[in-house]
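When the chains are written out, they are named A, B, C and D in that same order, and each has its own residue count from 1.
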Amino acid sequence: MSGKIPVVVLGATGTVGQKFVSLLTDHSWFEVGALAASSASAGRPYGEVVRWRERSELSPKIGAMVIQPCAPPLPGAIVFSALDAEVAGPIEQEFARAGAYVVTNTRTHRMEADVPLLIPEANADHVTLIESQRRARGWKGAILANPNCSTAALALALAPLHRSFGVERLFVSSMQAVSGAGYPGVPSLDIVGNVIPHIGGEEEKIERESRKILGELSNGAVEPAKFAVSAHTNRVAVVDGHMLTVSVGFGRRAGPDEALEALRSFRGPPCVTELPSSPNPPIEVDGRADRPQPRLDLDRGRGMAVTVGRVRACPILDIRMVVLGHNTVRGAAGQAVQIAELLVAEGRVRRG
Amino acid sequence: MSGKIPVVVLGATGTVGQKFVSLLTDHSWFEVGALAASSASAGRPYGEVVRWRERSELSPKIGAMVIQPCAPPLPGAIVFSALDAEVAGPIEQEFARAGAYVVTNTRTHRMEADVPLLIPEANADHVTLIESQRRARGWKGAILANPNCSTAALALALAPLHRSFGVERLFVSSMQAVSGAGYPGVPSLDIVGNVIPHIGGEEEKIERESRKILGELSNGAVEPAKFAVSAHTNRVAVVDGHMLTVSVGFGRRAGPDEALEALRSFRGPPCVTELPSSPNPPIEVDGRADRPQPRLDLDRGRGMAVTVGRVRACPILDIRMVVLGHNTVRGAAGQAVQIAELLVAEGRVRRG
Amino acid sequence: MSGKIPVVVLGATGTVGQKFVSLLTDHSWFEVGALAASSASAGRPYGEVVRWRERSELSPKIGAMVIQPCAPPLPGAIVFSALDAEVAGPIEQEFARAGAYVVTNTRTHRMEADVPLLIPEANADHVTLIESQRRARGWKGAILANPNCSTAALALALAPLHRSFGVERLFVSSMQAVSGAGYPGVPSLDIVGNVIPHIGGEEEKIERESRKILGELSNGAVEPAKFAVSAHTNRVAVVDGHMLTVSVGFGRRAGPDEALEALRSFRGPPCVTELPSSPNPPIEVDGRADRPQPRLDLDRGRGMAVTVGRVRACPILDIRMVVLGHNTVRGAAGQAVQIAELLVAEGRVRRG
Amino acid sequence: MSGKIPVVVLGATGTVGQKFVSLLTDHSWFEVGALAASSASAGRPYGEVVRWRERSELSPKIGAMVIQPCAPPLPGAIVFSALDAEVAGPIEQEFARAGAYVVTNTRTHRMEADVPLLIPEANADHVTLIESQRRARGWKGAILANPNCSTAALALALAPLHRSFGVERLFVSSMQAVSGAGYPGVPSLDIVGNVIPHIGGEEEKIERESRKILGELSNGAVEPAKFAVSAHTNRVAVVDGHMLTVSVGFGRRAGPDEALEALRSFRGPPCVTELPSSPNPPIEVDGRADRPQPRLDLDRGRGMAVTVGRVRACPILDIRMVVLGHNTVRGAAGQAVQIAELLVAEGRVRRG
């Protein structure tokens, strides 16, 4: 017996599903208990079905696992969902009803009032929303949501600024990697030597989700932050890594020096900083004029750190900056694993 | 005799210089009178020296022209300058002193009070600045400046909005092509699969130059427009075409419908619309959700039209939009040729 | 009445179909008589259905045409087929039976003994195969096939060498553009910053088709050329343009100088050189050390010329060289239009 | 005291120099004793001078090291040279004369008869060439050379085939990454969305060096292998990783199955397999139809393994295959470190 906690991955064959499998291989607390996918794949060995796209090799042991259908019971108190939004809702609810902690990367439940939308360093306290969720829905388990991939990087970078100065207004323009669209995703004819100035639904997600994440817990509910967001989202010919240029206005005036100090000194709560997947620090500030860059800075904190650069005064609002986050790690599977670790650290899930 | 007006290209071997040569080949009013470059190249045939990078073939006749040194007299009343900023100042002044109209693509003289910074459709009347320039400097010729390449696209798209509603605040984030940095310019190791969130001096140029271009002529001087600009500039793996995401606030409230109407109906003054290089219309509005795109929309108006898309409400200011311009045509050589055409149309330069 | 010959495009909404529409707009001999596509699109205006990806604008007149189902009769004695291979066979046969000249870009009929596989400059005489085709099949019309896109460039470049020296052995390694796979085609995650060393079925097509194209007509049938081909095919992050590195061994020894002379002096037969789509010359030889390149040399002869460079001795066979062809023009729609022009020039199709 | 062996890096600020520094950080046997670069950099802290392009962070300790001039004595019995070929010759000789083992990545000495050109798994026995080198030149140290980056991958993949079947003829066409040209290296205007079919001197290096590497040691000299090579080299828009398509003919007929068996079972000599940098196995065979790919397979064996795929029959010679190697690891710094490890394992360099 390994003493590790078995976990389940739903939608294990897709881009984010593969990232989950990759991160869970040799994880110090978790081990893959089951891999589940659509009925077309169920019953066949994972290694035969998956078109493996991770740079690390697929472990033979995991490759030999037979894919399960996406229905409980499956061996694991924690269920990671990388399902398509079209099918995720009922499946995730079924697992939660059956007692599992479902950490979902899908947009379906993110904006529901009793579902915590989590960036552990920024709002670990929102986890307590699941108490009312379980009461209201009569579930033994719960659903916890990971934000949209570009929002994850943005909201983490904003967390210390909001805490210190109160974000009031925000302009953000993104340059997002093709892996954010999954596989096959963006046709190469659309993106080689090109830019696509549109990602369906993404601007609305950034505007809505960032307010919920940075909102205050009050009487068992989240009071969203009140800032206004003007977002532009673009797809560029980058494989991994979402870049965001941001201009921010605060409630309490602050310049680049104070912003830098807040960003540099930011740490999550102690229950988060100790987690295996938590980077230290969660925000890396880079002072070089031409950084961050996806190709050079993406792996900081093993993909879990957000890199902030070019913090400078804004001619209209308070500061301008550039934010880079790894969209399939901090923006998807990596942070979902971190959320699951938080559940273990808080004693909600028992170790073997 | 061709009856065409001979013109000179300074810095003819570089990226912008080649674009000048390409556009002047078979131009209906102009013909290349002389090609000039650094002393290292002078005296040798153009076709032997130039590392020709245009998709159109170099004409044998032009390839056989012997490169001249960058000093007057050279055969041409109009001199196009694609010189490096490091050397441009004294050379351009020398030609202006000797009687030439120098249309320069270099930043050196752009912000001088008596040098017009021109986008013909937007501010053809600024040409009259050269009267005071000639008086003050005692020149027979004059210097007229082309804006920075990203500013050219931005300010043209803003012109109808500023005229109709009064631009007050502006957030702009660019995704700029590598050709904007010339040759050899951006190392491929820096940009393949990557984004560089910094272009030296570019943000300041956008902020300063757009205010001068959209300023009012008053008592023989330009009163800069008073709007505030917060700019972020980025380099992406695109060969040609600068994309800009823009959020704009107006003095007089206006929504997407009014903005669209202003953009669609915009035309330059009659003296400009008739010029050979003037696109009709100068601004093309594209209503498709994922346009403009560099690869598909760059050649509109033979590279002289700016394409605007995704005009929509802004949660903070009035509208958001995406602007695309061809950085070496509208943003450099093409517009410089258009400015020279304006000088001819106004009778300042006589046709053969 | 325009006096132009109406033609039909089958599969008009796809990548090659769009290229047909683009090339037929303002064609001097042809006009679009009907656009046909799958039943899902039939009955709707072309402009509403097509996701137009050409750089030239879709003409409003063509955009307004209602898409027809892919079945005769449709108004046009010439039918261009850009259908998927899965469905092309019976549809193309039905049109040929009904009397149309079907010029197909699909692989389905290419290797059938009585179907000419044409590169007009190389084997215009193979057109006469359709006589036996019509007799054998009892058709009023006929099917004529365009080669695979990489084969088209290769076989055209080989034609003068084979004619002069007799090709015996051939090593070819390709670097092919993503447009060759259609739309959506190659996922961007597979190709951004990457190379894929495999294109399904492509190596076999190059090996088989090039021998048929360069074969001799004898007793109303094609005797394939006897050379052996070892092909490697690769996909690279280029939008348009297939590059081929080639080592060739001849039956009669010849070096680079003789090969260059053969390539430079090559012309198609007079009936071909006069066609509107025929480039002059069909093969452009570039002597610069680093040419051809897709980005710079693709548009030669409006995409119909093949560019050959780096002709040099081979340490094993006779010569080595690099070949570039435009895969959607010479390798697909452009050459299909040229084949149709040949039918008109030969009097097989009557002008209005 | 660390007990580690101090080593020197010449040309430490360039692309390959940085890779050396990255690989030597936390190396189990070596530690950086000195970093040397041109006189323009000497005297300044490495971290201030270098434009660090590695994805791993520069260690503060190494960043603080003061750059030395490229002249002995410097603290280290092993000297890695990443110098430009223009200056490398005299400097490397001076260090060898002064007693250092110079492992050079530069082409200067590669083809000299008494300089071993090494791929440890393939020809570790060639190290003994340095005995005659020292005698002939009167040096206390020696120069050992690393092959050209594309040759390194090719010759390693050929080693088991040559050993088993005797390579006689070889066609190779490369698709090489931009990092192979160093920094700034290839201008982005030349390679974004493009292919360059020429790399200066590369084809000759492949042809010459592969014969020396796979040659036999006989009477204290290397008798080059006798096979003929026809090479085509191309640059593609890939950051790291050289791909090679190869057709090979053997002296003793062998098909894909025998070739696969030879490739799979290949191991270096025991003195090599135990080295810290040696991958196990050195050649990874991938049976998937579309592999290897630079983006997915480059890191195998931490960049030291070569991946071979698509081993299949050749219509002309014996087999065809695709070879991928990491050009700055196996093709440069990584293998140079492995060579130095071999010197230690053989007792030529003493451990602390």
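Worth a mention:
Keep this in mind: contacts are C-beta pairs under 8 Å (C-beta built on N, C-alpha and C of every residue); 3 or more make two chains touch, one makes a residue touch a chain.
Just so we're clear, the structure is a prediction, and the values are computed from it rather than from any experiment.
Shared contact partners of chain C and chain D are A, B. Inter-chain spacing, taken between the CA centroids of chain B and chain D, is 47 Å.
Distance from the chain A centre to the chain D centre is 40 Å, each centre being the mean of its Cα atoms. Distance from the chain A centre to the chain B centre is 43 Å, each centre being the mean of its Cα atoms. Chain A has residues 53, 190, 192-193, 237-239, 295-296 in contact with two or more other chains. Chain contacts here are complete: no pair of chains fails to touch. Only residues 169-171, 173, 175, 190, 193-198, 200, 207, 228-230, 232, 234, 236-239, 243, 245, 247, 289-296, 309-310, 314-317, 320, 322 of chain A touch chain B when the two sit together in their complex. The touching residues of chain D, when paired with chain A in their complex, are 53-57, 192-193, 239, 295-296, 298-300. Those residues of chain C that touch chain A in the shared complex are 15, 53, 178-179, 183-193, 237-239.
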